[in-house]
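What follows is a pair of complexes built around chain A, which joins chain B in one and chain C in the other.
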Partner chain A sequence: MPDMRAFFDAKGCAVIGASANPTKAGRQILANMIAAGYDRGLFPVNASGGEILGLPVYASVDAIDAPVELVIIAAPAAATPDIVAQMKRRMDERGDLRAVVCAAAGFAELKNAEGEGHQALLAGFCKENGIRLLGPNCVGVIDVNNKIDTTFIAGTAHVPGGISFVSQSGAVGAWLLMSWASMPAGGVGFNKFITVGNMADADIIESLAHAGADEATRALGVYIEGSPESRRLVETAAAVARKKPVVVLKVGRTDEGAQAASSHTGSLAGSDALYEGAFNQYGIVRARNVEELSDTLRAFDALPLPKGDGVFILTQAGGPGIICVDELSSTNLFKPSLVSDATKQALKECLPPIASICHPEGHADITAAAGAEHHVRSLEAVLRDPSVHAVLFITVATLFLDLAGMARGMVEMIERLRKEGIDKPVFPAILAGNWTQESRGILEKAGHPSFESPDRAVRALVAMRRYSLFRERSR
Partner chain B sequence: MPDMRAFFDAKGCAVIGASANPTKAGRQILANMIAAGYDRGLFPVNASGGEILGLPVYASVDAIDAPVELVIIAAPAAATPDIVAQMKRRMDERGDLRAVVCAAAGFAELKNAEGEGHQALLAGFCKENGIRLLGPNCVGVIDVNNKIDTTFIAGTAHVPGGISFVSQSGAVGAWLLMSWASMPAGGVGFNKFITVGNMADADIIESLAHAGADEATRALGVYIEGSPESRRLVETAAAVARKKPVVVLKVGRTDEGAQAASSHTGSLAGSDALYEGAFNQYGIVRARNVEELSDTLRAFDALPLPKGDGVFILTQAGGPGIICVDELSSTNLFKPSLVSDATKQALKECLPPIASICHPEGHADITAAAGAEHHVRSLEAVLRDPSVHAVLFITVATLFLDLAGMARGMVEMIERLRKEGIDKPVFPAILAGNWTQESRGILEKAGHPSFESPDRAVRALVAMRRYSLFRERSR
Partner chain C sequence: MRNLDEFPALALLGEIGIPTVRYELAVSEDQAVAAATRIGYPVAIKLSAEKILHKTELGGVALGIANEAEVRAAYKRLVAKAATAGVVPGPGGGLRGVLVQEMVSGGSEFIIGGFRDPGFGPAIMFGLGGIYTELFKDTSFRLAPVDEAEAARMILETKAKALVAGFRGTAPLDLAALSGALARLSQRMAASDEILEFDINPFVALPAKDGRPARIIALDALFKLS
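So, the complex of A and B:
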């Protein structure tokens, strides 16, 4: 069988079950393809004919008088025999189909003879004809760089980036995409997005290998419920992790969770302890929840790995700074940066007189008296010190602080240092709520992720440090 | 000394260091007092005279020809001798001052003779005259019901509610308030808010006792860095916890964090293990971070305590449902609700045919085919079953689902059941991002908290169950 490329680079796409009704998947898929910029031929298919979103509707797949390599099915499962017949006629006449994404539900996940029969019919046809199949019962795929979005998730921001995400749950995938689209600056960038559904053909293992091998993927996220081939699953993830970071949200941690996972996707969750051990061994980062998955992927995509264990906490607020220290110290992965006397002097010179510098070491409380310039200049002083490998940067909105100016200053300064060869990860937590959206947007737009809380910023750093240690060990 | 009432019910308030400059605390405090609805006499004080926000500016506190019970200081610490002289003249002439909130910094927290001297002068004057002092170096107090806001935090939503919050960090307080103001429906309601600053007089212990004793307080949150009287601190919190839930975010969990806390507020953090043991013994809920503090307080304020350990998970999405099961099962506080055959039948009748009902027990996957009515009717069926003591309700935005209609239906149904005497906590996680703000706003406005993720919803339930068990044990 050919590899999964056809799901992403297909020339010509038919959408079966196309609809003019905005609450139907068959319309949203067309809207998403258009929004993603798909320009290789888009063909709504519906016996009713007419026009949808300005596109002429075809009565069947074999009636399309142009190349069609991809078919997206959004029609009810009961229509499967008819759909297979259409595709068969097309293969007999033109033979151009390469891939099918079946977004419809009502197949083997129902665990009844009818659903299983429809799935077997569709999968059998595809297999015989060398056509790759994703689903049934999947949300679809997105490839921002290949300008394709076969999903029916509304509102996705098609911003290019280095994150790819592969999911055994369409809902978790949708949750992540909707969260990303709601982030400051209007969207976290990503590359490939794949939900595997019932895995009648392409499964979670092949999907993660495919997304991981993509050169545009800088960080790979995977949501796993389980697999009958758990060893191969982990080994495939491990092979990717040797080259780029892999962040896994594996559910079924508890017996009850494993039972629920088995009931959901019919997968055997497998012993969680075995997964956990393998993740540690192979440098696969495990996220505790979707928030951590998202934070960690954003950090891996955008930030350089820390080149050592020296961390400096630069905080404008005492309490949030302590929260940061607690979270950092509960791992034994870091040491406070012992910055030089020259750095301490530089900090003293660029900060308000009431700032508390290096009491304790590796920590400066620049106080609420700090303005935008104080933030930027002290961050620069700290980044220039060779004992500093990562900086946690915490600030709480105040009246006196020009947050947008601070964010612009940070972007300019970090770019300037990069040109000098100083490139270290900075983890900003700019608190809180709507007051900080503009400044966070300025950072995010320039490619600098920001975090909802000091503890979430620390956990992203912890993930990067763990992965960095793994890479050093396995060199 | 009188109790802390004067900070909240004072008649007549002078703001020293009043300013027309919107980036100055001395203007924001006036704006906040006006926004909070303070109507008992507001008097800007500044030698420069003129008018600020339509209010005439007085040259000194003793020049105000109306009752003044509260003085808010937003002038530099160096002005302390002059301010004390003004207040002394006023006490000699009219003797009406009862409380001082000193928002200015530059006092004992600097750990130098000048700062300590200014603090001693201010505190000494207040003590001699029976005037209560909050701060210096504090953010101030808010009392939504008493229509007062002495803080300089911009954008607080003065919505009445049952949460009170007492903080040893002004920044953590500000962070929480700004987060609340950014929530769907434009603001989480609260009652009293107190930041204690340097604790020259009113300290964290008295503040939590005062806020806890307030009848309008239904749930008390406390951010603790440490106290030289840690035993009395915990016992005071314990006394409140016997009557209403107390949620504590205690930092200084690690040695390094304790050292940072000591450096910040000069407090001895004390052994974290001793605090932890006491919290468990006295039914004081410990939050892991600010997000959990906020989620838990909102749940305690709005929801009835679960009356048993039977939990039902009603989910429209498989993956997020499994995340929920994992989080729930990692405690041993709950059992899946074993609902009756009649309830299963009712669920079957009101759900789409592909719904998975009670496989496993205590769990229904109503599937992405579920519309608003399916959500509301299945939730009602579950709530009516006596084996159900709490419901985790998870849904992910889809095209097909009228989320706003669902939220309105939920509010109506829950109110209707309450009238029938069925009042159980429901923990909704409606995912994700901006797509769910309207529906979450409808729920929140009607007094039903919603949560950012299934795992955060579970942790709020866990806190409620722990507290409920403590109340049962100590009856």
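So, the complex of A and C:
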């Protein structure tokens, strides 16, 4: 069988079950294809004819008088025999179909003879004709660089970036994309997005290998519930992790392995414990929830890996700084940066007199008296110190702090240091909520991720440190 | 599929290169006394029979045997216990004899296990041993095989990390020896389908003391072979 590229680079796309009704998936898919900028030929198919979103509607796939390489099915499962007949006529006449994304539900996931029969009919036809099938019962694919979005997810921001995400759950995929579209900058950039549904043909393992091998992918996210081929799944992810970070959200802590085993060891082993061990073994980062998955992927995509264990906490307030310290102390991965006397002097000179500098080491409380300039200059002083490998930057909005000016100053300064060859990850948590959207937006639009809370910033840093240690030892 | 009880299990461990407790099989009172003399008192004496996998529940273990008279008494008592379970000496009787073993006291107890998961295939486990194994479930897992460096990381993922470094004034444990044992077992699991499951429990690590080097010792083991 050909590889999965036909799902992304197809020339000509027919949408079966296209609809003018805004409450139908068949309309949202067309709208998403248009929003993504798909310009290789988009053809709504529906027996009722007419026009949808300005596009003429075709009565069947074989009636389209232009190349069609991809078919998206959003019609009820009961229509499968008719849809397969249409596709068969097209293959007999033009033979140009390469891929089918079946978004419709009502197939083998129902675990009844009718649903399984429809799936077998569709999958069998595709296989005989060398056509790749995604689904049924999947949300579909997005490829921002290839300007294609076969999903019915509402409001995706089609911003190019280095994150790819493959998911066994369409809903978790939609959750992530909708969250990203709601971020302060108006959209987190990404590359490929794949949901696999019933996996009648393309499965989660092939999908993660495909997205991972894509050169535009800088960080790969995976949501899995489990796989009967768990070893092949983990080893495939491991092959990607040797080159670029892989972040996995694995759910479902079932213990079928434990029930099957009779020994003492077996009673302690569940499949989840094995996934955990295998992730540690192969440098695969595990996220505990969707928020952590998102934070970690954004950090990996945008930030350089920390080159050591020295971390500096630059905070404008006591409490949030302690939250950082607590979260850091749950790992043994870091040491407070022991900055030089010259750095301490530089901090003293650029901060308000009441600032607490390096008591304890690796920590400066610049206090609520600090203005935008104090924030930027102290961050620069810390970044210039060789003992600092990463900075946690915490500030709380006050009405007299010019957050937007601070954010612009940070972007300018970080980019200036990069040109000097000083490129270290900064993890900003600008608190909180709607008060900080503008400043976070300025940072993120310039490619600097920000975090909702100090502990979430720390966890993103921890994930990056673990991965950089893995890369160092597997060199 | 067959289970190996302690005696052949210890022999298999020796073959894999895992240090075990010193032991001898004895099929008579006199042999037991001679074995105990060679090993040095105190010793442990355990029933050895293919069918008896859980000796303690049957009362088939005598610990802290200090002299010849105690060896003879323990031998008689254990053989009588075996008889109540229908296990007797002689051809077809099922009783192989008794194992005479050195007594190991002190040290840290760990559990090392191996098994085959339907999806993951061969895998190994390391954890804190002793009576709290199942309570705390302080374990870590890896897919087999692993090398020594990975085995060491696996050990250090558990609270054994504190024990390895030396805990409450004891000397550090031999991490390299523990990691080596774990790595060799994982490699044996992966090399063929011969071993379906095994448990080494307890696996004892003794710190260096009074000029004697640190030592690791498998005290008891079970294997399930294909």
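Observations on the model:
Keep in mind that, in the parts below, the second predicted complex is superposed on the first by the 458 of 475 C-alpha atoms of A that agree within 3 Å, B and C clash if a C-alpha of one lies under 4 Å from a C-alpha of the other, contacts with A are read in each partner's own complex, and residues count from 1 in each chain.
To be clear about the criterion, contacts are C-beta pairs under 8 Å (C-beta built on N, C-alpha and C of every residue); 3 or more make two chains touch, one makes a residue touch a chain.
Just so you know, these numbers come straight off a predicted model, no measurement behind them.
In the superposed three-chain model, the partner touching more residues of chain A is B, compared with the other of chain B and chain C.
Contacts of A:A397 after superposition: chain B is touched, whereas chain C is not reached.
In the superposed pair of complexes, A:L417 makes contact with neither chain B nor chain C. Contacts of A:P320 after superposition: chain B is touched, whereas chain C is not reached.
In the superposition on chain A, contact is made by A:P360 with chain B only, not with chain C. In the superposed pair of complexes, A:A213 makes contact with neither chain B nor chain C. In the superposition on chain A, A:N280 makes contact with chain C only, not with chain B. When the two complexes are overlaid on their common chain A, residue A:E229 makes contact with chain C while staying clear of chain B. Of the two partner chains placed by the overlay, neither chain B nor chain C lies in contact with A:A446.
Overlap of the chain B and chain C interfaces on chain A: residues 256-257, 260-261, 263-265. The touching residues of chain B, counted against chain A in their complex, run 22-25, 28, 105-106, 109-110, 152, 154-155, 167-172, 174-176, 178-182, 223, 225, 251-257, 259-261, 263-265, 289-291, 316-323, 325-326, 328-330, 336, 354, 356, 359-360, 363, 365, 367-369, 396-400, 431-435, 452-453, 455.
Of all the residues in chain C, the ones that touch chain A in their complex are 111, 113-115, 117-121, 123, 125, 127, 133-134, 137, 139-143, 146, 149-150, 153-154, 157, 197-199, 201, 222, 224.
Those residues of chain A that touch chain C in the complex are listed here as 226-231, 234, 256-257, 260-269, 271, 273-274, 276-278, 280-281, 473.
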